[in-house]
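Given below, in the form of structure tokens, are the structures.
Next come two complexes, and both contain chain A; in the first it sits with chain B, in the second with chain C.
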Partner chain A sequence: MAEEPVAVVGIGQTRHRAARRDVSLAGLVREAALRALADAELTWADIDAVVIGKAPDFFEGVMMPELYLADALGAVGKPMLRVHTAGSVGGSTALVAADLIAARVHTTVLTLAFEKQSESNAMWGLSLPVPFQQPLLAGAGGFFAPHIRAYMRRTGAPDTIGALVAYKDRRNALRNPYAHLHEHGITLAKVQESPMLWDPIRYSETCPSSDGACAMILADRAGAARAPRPAAWVHGGAMRSEPTLFAGKDFVSPRAGKDCAAAVYRQARITDPRREIDVVEMYVPFSWYEPMWLENLGFAAEGEGWKLTESGVTELDGDLPVNPSGGVLSANPIGASGMIRFAEAALQVRGQAGEHQIDGARRALGHAYGGGSQFFAMWLVGSEPPTT
Partner chain B sequence: MPQPLRAPLVVEFPFTRSLGPVQSAFLTGLRERTVLGVRTADGRILVPPVEYDPVTADELRELAEVAATGTVTTWAWNPAPRRGQPLATPFAWVLVRLDGADTALLHALDAPGPGAVRTGLRVTVRWAAERTGSITDIACFEPYEGESDPYEGEPDPYERERVPYEHEHEPRPRTAGGHDGRFDDPVTGIVAPARLDYDYSPGRAQSRYLHALAERRTVGERCPSCRKVYVPPRGACPTCGVATAEQIEVGPRGTVTTYCVVNIKAKNLDIAVPYVYAHIALDGADLALHARIGGIPYDQVRMGLRVEPVWTASSRYPDHYRPSGEPDADYEVYKELL
Partner chain C sequence: MTRYARDVAIIAFAQTDHQRRSDELSEVEMVMPVLHQVLRRTGLRTGDIGFTCSGSSDYLAGRAFSFTMALDGVGAWPPISESHVEMDGAWALYEAWVKILTGAADTALVYAYGKSSPGEVRDVLSRQLDPYYTAPLWPDSVALAALQAQALIDAGHTDERELAAIGARSRADAAANPYAQLAGAVPRGDMVVGPLHRGDCPPIGDGAAAVLLAAGDRARELCERPAWIRGMDHRIEAHGLGVRDLTDSPSTRLAAERAGAFERPVDTAELHAPFTSQEVVLRRSLDLDSRVRVNPSGGALSANPVMAAGLIRLGEAAALIHRGESDRALAHATSGPCLQQNLVAVLEGDSHG
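Up next is the complex of A and B:
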């Protein structure tokens, strides 16, 4: 028996901000969930199960927050699952929810991811003072910056590429009312003149720290038929992992990322992602990861990703727009960031992306990664149901 | 073989919490010696209050004041209080249903011994002398001899939960009032200190590595399957999933494979910026370790630079690496280690 087709019928996000001091964790997730229910014109009673994700518990210091959030998410008397894959968690959470529909375990599932970074300390949560170990000397940017330098060395990319990505994503964010950063006076010069934090990463090429949540309602074919607005259909979804450090790990283009993309394209019968995919929402916490992931995901040959960025292909009006929402560079509630990528991809193929809608988007890729480039989660959504 | 090392690991951080409207009212109320619950659509009063109805998922915002007296619905004796618990002397953990409430609140009961505690015991709040808007504004509960149990004559409260629903329609004595939960200067956030105590051991492989470091030697382990040399060793190869035992001394010199220049000062690190944070492949190792580069201006560090460790008396690890004076390594030699 073939899998049940999975449809995204409702999407809700909070307006991501530096701090949401007016709401508790429960109030924050509730806001996104209610907006997703409203989009789908459903009520709590219509939901069969809840699948929730966030970054490590240490971030906010609430152990197993899913237990406390059951009331806010109407999960009483229903299955509630928590997914946990570091920064990629928003993506893998959506995929676990989708699998529950595909396997016909449930017909309507609420999936949600969140982070309240203003009440967390990600740096502390990620660098515990483990005895006998050398402290990490440089923070998250210091972890990723050497890999960016390796990419530049390997490909010969000019050092101007990172600023182009940041300038594009921050401009795109001006069209997205949910983005955290709305830098109205942004110019390329401002990005290029921003302080160098972890050379080669400048301040304006890093993601902000945000409070926010994102929710989606996933449904089966019958649910999609009843939905008031067009559905986004899941054509492929996959997760892959690998160790943080191992001999032979390619930090610039991790094997797990390549394999994950290949699995998604196989399911979606995509042979030429560059031509067949209309828009990409990828997880770019530091600007240079756009050209790096363009290669890792098969949109460009090895060493060629930066040329797509440089020539404007990934701009809003390019032929492969990347992060029309403004991306992680414009809003980063860590645990939610992956789901926001997945949801933004779905909004594009539903034609519901508003000011940052890409005209005629029929197929979109949502991408998330996490940990030390060790967890990958992706889905490909389309405006038409998959053909079986 | 030397014993695996051990050391305490304390994970401690003061987390902040935004309270939202309901918890804000509850904790501000405690500061004002007022206990507030929240009323559900079917008229139940939940104490402590919650933002969303546990049954219907409806948003709950109607606050109601309940009494500071109540009845123990169940309990457990705590003979050896730990750090951070409400009382330093042995006490009972109790669930207390305050008069007027339909649910019970978890707190501590100050009692001379377990013989003095029973389900059905009448208790009252002992307020803390200094109150800030926190659950600890209730210092604890204590036995209460004052006014009689408003439920006297009814079954034991624990048993009463099990009586048929019809019984619940009889009006119950309530002290619940319609306090709107508004106070001057409400508490909107709290700081919740968290602390975890671990007894940490890095295990046998890392302990061997650390013992060798004490002799200023860097010793990794070779995988019997893929032949890769891991530094630091983990006791197993993460790719092949087999145990590693063969000891291989690597370094002391190595090659900078990549690096970044750190320009922002990290909080707990006493290192002047800018400095270079580099990945260094020690000669003979199959993956790079991370270290600081010194003894050369930061803007002259480059990929391929050959370096050697600089030890200081106080440090377990090399303090930093400095140029060894050898010619730079060719990119082709180390590009697989990037």
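Up next is the complex of A and C:
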């Protein structure tokens, strides 16, 4: 028996901000969930199960917060699963929810991811001492900067590329009402002149720390037929993991990322991603990860990713727009960031992305990664149902 | 079976010798032996596994992303299809079972671990509570279980003598379980939080467990008598203790119904009841009569490695079927204060002609 096709029939996001002091944790997740239900024109009673994800519990200081959030998310009397796969968790959570429908265990599932980073300090939350290890790192930037330098050395990319990505994503965010950062006066010069944090990453090339949530309603074929608005169909989805550190690990282009993309393309019958995929929402927490992931995901040959960025291919009006929503560089509620990528990809193929809609987007890739470039989750969504 | 797309079975189970402290072992070192045991029992190698899923808690480990270290023990190279739940490993097994049902994998490795020894687990678990209204009061896990026990006694569903007998039976049964932390004649001990005595509470300890799942013919190839998952479901209840009837577990009953537990009687039940009083609640919700053998392993009253203890119930029930000591068993796992969230699985062995 073939898998049940999975459709995205409702999407909701919060207004992401540095601190959403106007809402509790429960209020934050409900804001996204209620918007997703409204989009699908469904009620809590229509939901069979809830799959929730977030990054480390230390960020809010609540252990396994889904227990406390069961009431707020209408989960009482229903199955509730909590996923945690580091920064990729938003994507993984959506994939776990999709599996429940693909396996025909449920027909309508609410999936949601959130982070309320204002409850703590995420940089130090990510810098806990590890027994028997040297305390070398302060935050994620300290971990990723050397890998960016390795990319620059390996490819000979000019050091101007990172600023181009940040300038593009911050301008794209001006078209996205949910984005955290709306920098109306942004110029390339301002990005280039911002303080250096972790060489070569400047302040304007890093993701913000945000409060936010993202929710999606996933349904089976019958649910999609009843949906009031066009559905996004899942054509492929995969997770891949590899160890944090080991001899021979390629931090610049991890094999787990390549394998994950290959699995998704195989399921979706994509043979030439550059030509067949119309828009990409990828997890770019530091500007340089756009060219790095373009190569890792097979959109450019090794060493060639930065050329796509430099020539404007990834701009909103380029032929492979990357992060029309403004991406992680414009809103980063960590646990939700992966799901926002997946949801934004779905919005594009539903034609519901508003001012950052890419005309005629039929196939979109949502991408998330986490840990030490070791956890990957991706899905490919299309405007038409899968053919098998 | 027509309930699900595929037949899936637990084909191997391993657990650590659960102990009060394991200062000399990291989580990875604790997990690795059980991973190797389940692989060795089936002759599989890491590269043969279709999907891997684990359950653990950063709050127990005391560091963010603690599961990333454990992944090193799996040997995730070349990269593997893998996921993690911040829940008891029983829910990791659930996620892996669903993955196999989709057809995307034929085998799955599930593991879970928890070290309670580095902190005060009673206090740590209080961090699960509503962060605005309840957690600031630091009500600890034993105090909350005591509220539930007192409600049961007040309602006339049990008394302290019956609770003591449950503790004594569990530790007596655990004498035959080489992995148990607390076994044999254990005194009832002092009152901890009334009406619960020391003997009504689980031992605090560290441990890990691993399970292998396989579908259809693959399961039959790898295991002489697979423990088929005939049904599995889980449900959550409201978080606020004040809005729940603590003497009942409607989520357990609903999960059992959905898992088909009431279609035919089971011969054995492995219940995840860390407190003696919780066994009373679960027996009532599951309509288990005296013909059903409950917790022959000694249950969580004999070893309660938090985050793994629920997965161990599934593993113990499966192991009985593997050994031909059960034909149809119910396995249960719980999470949250006073049995807030519950999972029920029904396992069966093929009948021998």
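Brief remarks on what is shown
The definition used in the following text is that the second predicted complex is superposed on the first by the 382 of 388 C-alpha atoms of A that agree within 3 Å, B and C clash if a C-alpha of one lies under 4 Å from a C-alpha of the other, contacts with A are read in each partner's own complex, and residues count from 1 in each chain.
Everything that follows uses one rule, which is that a residue touches a chain if its C-beta (ideal position, glycine included) is under 8 Å from a C-beta of that chain, and two chains touch if they have at least 3 such contacts.
Just so it is clear, the structure is predicted and the values come from calculations on it, not from any experiment.
After overlaying the two complexes on the shared chain, residue contacts for A:S311 are found with neither chain B nor chain C. In the superposition on chain A, A:N121 contacts chain B only, with no contact to chain C. By the touch criterion stated above, A:G61 is placed in contact with chain B and with chain C alike.
Judged by the touch definition given at the top, the superposed model places A:D99 against chain C, while chain B stays out of reach.
Of the two partner chains, neither chain B nor chain C is touched by A:T160. Contacts of A:F246 after superposition: both chain B and chain C are touched. When both complexes are overlaid on chain A, the residue A:V76 reaches chain B and chain C alike. In the superposed model, A:A238 lies in contact with chain C only, and not with chain B. Contacts of A:D22 after superposition: chain B is touched, whereas chain C is not reached. Contacts of chain A with chain B, set against its contacts with chain C after fitting on chain A, overlap at residues 24, 58, 60-62, 70-71, 76, 128-131, 243, 246. Listing the residues of chain B that touch chain A in their complex gives 5, 7-11, 13, 15-20, 23, 50-57, 59, 188-189, 192, 194, 200, 202, 206, 210, 223, 226, 228-230, 237-239, 257-264, 266-269, 271, 274, 277-279, 286-287, 290-292, 303, 316-317, 331, 335-336, 338. Taken in their complex, chain A has these residues touching chain C: 1-3, 24-25, 55-58, 60-65, 67-71, 75-86, 92, 96, 99-100, 102-105, 125-126, 128-131, 238-244, 246, 254-256, 259-260, 263, 371-372, 374-375. By the touch criterion given at the top, residues 20-24, 26-27, 30, 44, 58, 60-62, 70-74, 76, 116, 118-121, 123-124, 128-139, 141-142, 145-150, 153-154, 195-201, 243, 245-252 of chain A touch chain B in their complex. Residue ranges on chain C touching chain A, taken from their complex, read 4-5, 26, 52, 57-59, 62-65, 67-69, 71-72, 75-87, 91, 94-95, 98-99, 101-104, 124-125, 127-132, 135, 233-240, 250-251, 254, 335-337, 340-341.
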